[in-house]
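Look at the two complexes coming up: chain A is in both, with chain B in one and chain C in the other.
Coming up: the complex of A and B.
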């Protein structure tokens, strides 16, 4: 077994915080201030692409919290991400107002198309940004609470837990594909126009979204780190290794797992809410089981059990995917599989283990 | 919550801390415990012996809430029905347990292992805002002293020797301030010297606390036991002093039968 030394951890922490701050400042500056011809200037497209990577990093962070620390391999985090995305997408749909194809002042196009007369109750409130953001956290959190309560109370662990989470995201995918659900069926939600009254295509909004993503990722990272450094974190770490010892010390293992799972689901929801305005669409495809498996691969490649490693893994793989799918799209899944195999076999600590390098024991 | 005081909610006015009656546990038809009855006095140091598979560990599982018996009753003190509680609650009620296979937290330091066990602050919310008080730190320091792991306090528990892990787990048990300690095979893997120190330690716990020790090492049993209970095929075969037990023909038969 390898262990990361406190020193290496501290260095990784400073490096991660520094990088995120630099990105939050440097990316908008280079997009907004530098002339487009400059080789350091980032196009608006690149800004959104980087923003998307950071959303993935936040999602990986969320999964690492439950998998890397609490030892629960959730293969349903794509569902929490998508739910957060839908909550934000609903707000963005409401922002379209009467500018839709059918010009209905109240109803989104797909509802007009379905001949609906009025907005379903569960769309109420989504014309407020803060309500939508709150729902992007609370809906995934509530689902995780219910699901986790059922699972942890009856001590479902290991591979059974993973399979149940896959089933959860699959069921949600089927549900969201249905037009009658009122979330746009298989087209999902798209053709967004404004966010908070500003044009989403403008450079300033894209930069603003990027900065928000970078700072929220930073805050989430620091929050997770703080949480793991408390006695709460020690208990979580302990229960991954010796669950019954924790239980016989008088800790309620199920409540600890539940708290971690809910917090993690909320972070995934936040990631989804930040993702949708930057890519401009959310559809039921985000619920597909494969997406959730891919998140686990990011974490494994980056280094399970190291927060910065998980984030790094997501960015590396997402960037590789962008490059490879542009040229050889049919090869991507094979490349991903090969990468996963290589890392599991050769780098049990992932990329973070390679970088951290030092073993304390 | 918090503080270092021993839990005070167990009613032992009648002098009994643990009482089992007609407890049966079966695993797919096989009776691991068969109408077992047992009473442990408050402040007693009891040894539990018996051949492999006699049901000693299963008995501890039942007391600590890990296994549910098919029938029978298990009481802590006069009025706490242990069958109504889960493992964590039973632990908080004041029953501590050391596993047969030492179980510590390998990726945390020896000190952190003990700190996690220190009494109180069990809910997630309390744990999140917990700051070790100076009393808690002193407690950890004195436990490190007691179990002789001062020199390795900062090492990861995963790297300890088998005997040291046993000690650490005993230390964690003490940190919980339990009133009743159930200790499954504490000296396996210990050197002669370590075994002697364990014997001293266990003896120092009574009569403030009550201790039930399962052990195969008869020299060790002889060095600590006042009263010995022999388990065989899931029931109590006999109870008495170590000399009575060792000269009993049924006990011999059981152990000899096992040896061939």
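Coming up: the complex of A and C.
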């Protein structure tokens, strides 16, 4: 059984890597080189849309890492995603400079509107792309470290962990809705102009962002696979299936969980940082508990504990959402709800299970 | 009988006499000089007749004329070359008169400025309570000696207690501005225990006045201190009440979950939507019984229980029973159900909020003392939540179902071995918890908007309350709900509503991470986590 599943997973791995590479090369070529009339040409809108799906895939990958492999269903991954997004959004706000509506050279529009006199300290440094990118990883990572350290030390597991992560993202949502927080309140951050000095509306930048997303997703996927293939990964799998036994063998269960949780949160932050420049806005709505729980359904539909399944699930559902909300908005929540039911009741191994790749246990 | 008749007779006799004298005064206006006019007007005002209002109005507009033909005073309106006359007191049409026949009764600016206050004096004895209240406020806003005298005279005659109180306070405040120590002292006595901003402001000024004896200034300072102290305590009491009210809402929304999640160990993310269904049941019943919001509300309590319990039964039989022992899957599946229920309500009832009416016996407030009033609907919900809680507690402790539920929760295998049909108990327990959620919805419909998103607002709070109180312990849920409610409202004045909620959430997360078993842990079903 193990060999068979390993074989299937190897095939899925090759297929995933191949697909991502093809996308990274093919999408920008078809957008930039082919004439617009060609039936193979992708519009710039489609490029950004595909980029958005790949961000979701990265987010699903991050959740699959903690849920599928460490057995921790985090309902707060939307918060890590949004925090990464806000870090990138802050950089993009600083890039606007004096081109805002109020033309203030120093302050973003919403601060001028609130009659603030100077930039809050936590906005310092966000003029630099590398600093913002670092923060997009470190802030979610640090939050996950703190939250996980407190939770795993007290052996908070199962649904309790889920409920508490959900409360965390709910609290963050309330906080980010406040104008006094200095993150644009209700409206969030938007009206971005440039990234790294290039116009964000241009096709080249859109394609560049897409390629970056595809390659980073590929790298994250390979990184996760590598991590799970090591001794470390074996211990993580073992503690998912028999936590007490691993503990009695002398492993520090909390530390292993913590590492996986923090890595996963940083991946979610990265996904958020890539997402914001492609959709052009970040607002507190991203912290909604619903968003976080939707990630879980992507993973469940795709098949948790497979990595590639989670990515596939994210893309399938996001694409279905785009189509359904455009044509039959009434039906979308029915469809999503039915999906939750179908997958949990009838398809516990998700689409990946259907396609023959066995869950890694 | 005889007494009554004589009373009626005397009334009949006095009325025309009064009207006579009023008419005499009005007619005398025609020939009076400025000083006499003032005196006459004061007399008219003091007579307190409803009709005097018309005299003042007409006079202020310059529409009061002397009819030279019979030297009576009338209201006249110019119509071409002639004047249309009306009786001042009755408004009766008196035909018309030529330009020479009438003379306008002059009014100078001094008199005009006094008319306002005279009119207020007249209204002091109006039959309409609102008119009197307005007159009192007008006089106190621009006090004149005459008006204040009239007000003082009126104080003992005023039948409505709160108006009488208003007069007393107003007069006392006026007296504070004077310089006679004895009067001020008496006024201070009246103002004792008052916390209105005006009173406190006057006390501050009084404390700063150098022309008064030390003793009075000290007394003013003491009263001020007492008033502020009292105010502080009243606001604390009010926070406590709001906290208990919020606690009762939390209790209602969480107590159903304390059964399904706490006792059975089922994660039901659609719990909020079961609350929402209860609220919509109330709305539907009120639509079916137009004009009877109170009866509909009472009927809604059992109806909502049945609706939500039925939906809960379907959820348990259709979905949850296949997922026992897999809590994370249960969580996702029930979340799917919550989305479907939300969208169903949105499609059936429209996405807009529906307004559920508050019956008359639940609107309004009980004014405990000045500065502290408790609304009836919040008090009713507080009592109702405790009743629901007590009912559930009794059901769990004294009924056969309660015994079986506890048995299955503690040791499913042993309970089955002893003949408890555990699947049936599961279904009934879940239906019970769901039904209670529906009942909670009826109560919540009195406090918040009823819309498709109603349930979402409560689901996270409900879970936190149950976990905080200790899973599997109903008393823990009660303590958790009220302590969280009170803590929230105590924090609120200092931090604002949103920040208070955030702080509490963070504190709760930290607490549960240190003590995941909650306040009062008790063993439930083994596979609950």
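Just so it is clear, the second predicted complex is superposed on the first by the 352 of 361 C-alpha atoms of A that agree within 3 Å, B and C clash if a C-alpha of one lies under 4 Å from a C-alpha of the other, contacts with A are read in each partner's own complex, and residues count from 1 in each chain.
Note that in this section contacts are C-beta pairs under 8 Å (C-beta built on N, C-alpha and C of every residue); 3 or more make two chains touch, one makes a residue touch a chain.
Because the structure is a prediction, the values reported are computed rather than measured.
Asks: Determine, under the contact definition given at the top, whether A:178 touches first (chain B), second (chain C), both, or neither.
Replies: After superposing on A, A:178 lies in contact with chain C but is clear of chain B.
Asks: Is A:157 touching anything from chain B or chain C once the two structures are fitted on A? First, second, both or neither.
Replies: A:157 contacts chain C only, not chain B.
Asks: If you stack the two complexes on chain A, which partner ends up touching A:73: first (chain B), second (chain C), both, or neither?
Replies: Second partner only.
Asks: After lining up the shared chain so the two structures overlap, which partner does A:87 touch, if you call chain B first and chain C second: first, second, both or neither?
Replies: neither
Asks: Return first, second, both or neither, reflecting whether A:256 touches chain B, chain C, both chains, or no partner chain.
Replies: The first partner, chain B, only.
Asks: Could you look at A:135 and tell me whether it touches chain B, chain C, both or neither (first, second, both, neither)?
Replies: Touch status of A:135: no partner.
Asks: Which bits of chain A are touching chain B when the two form their complex?
Replies: My answer: residues 1, 3, 227, 230-232, 234-235, 237-238, 241-242, 244-245, 247-253, 255-256, 259, 360-361.
Asks: Chain A touches which residues of chain B in the complex?
Replies: Listed in rising order, the residues are 64, 66, 87-89, 91-92, 96-97, 99, 103-108, 112, 115-117, 121-124, 127-130, 155-156, 158-159, 169, 172, 176.
Asks: Can you list the residues on chain A that touch chain C in the complex?
Replies: For this pair, the touching residues of chain A are 67, 73, 147, 150-151, 153-160, 162-164, 166-168, 170-171, 174-175, 177-178, 289-290, 293, 296-297, 300, 330, 333-334, 336-341, 343-345, 348.
Asks: Touching chain A in the complex: which residues of chain C?
Replies: Result: residues 267, 269, 319, 322-323, 327-333, 335-340, 342-344, 346-347, 456, 460, 463-464, 467, 498-499, 501-502, 505-506, 508-510, 512-516, 529 of chain C touch chain A.
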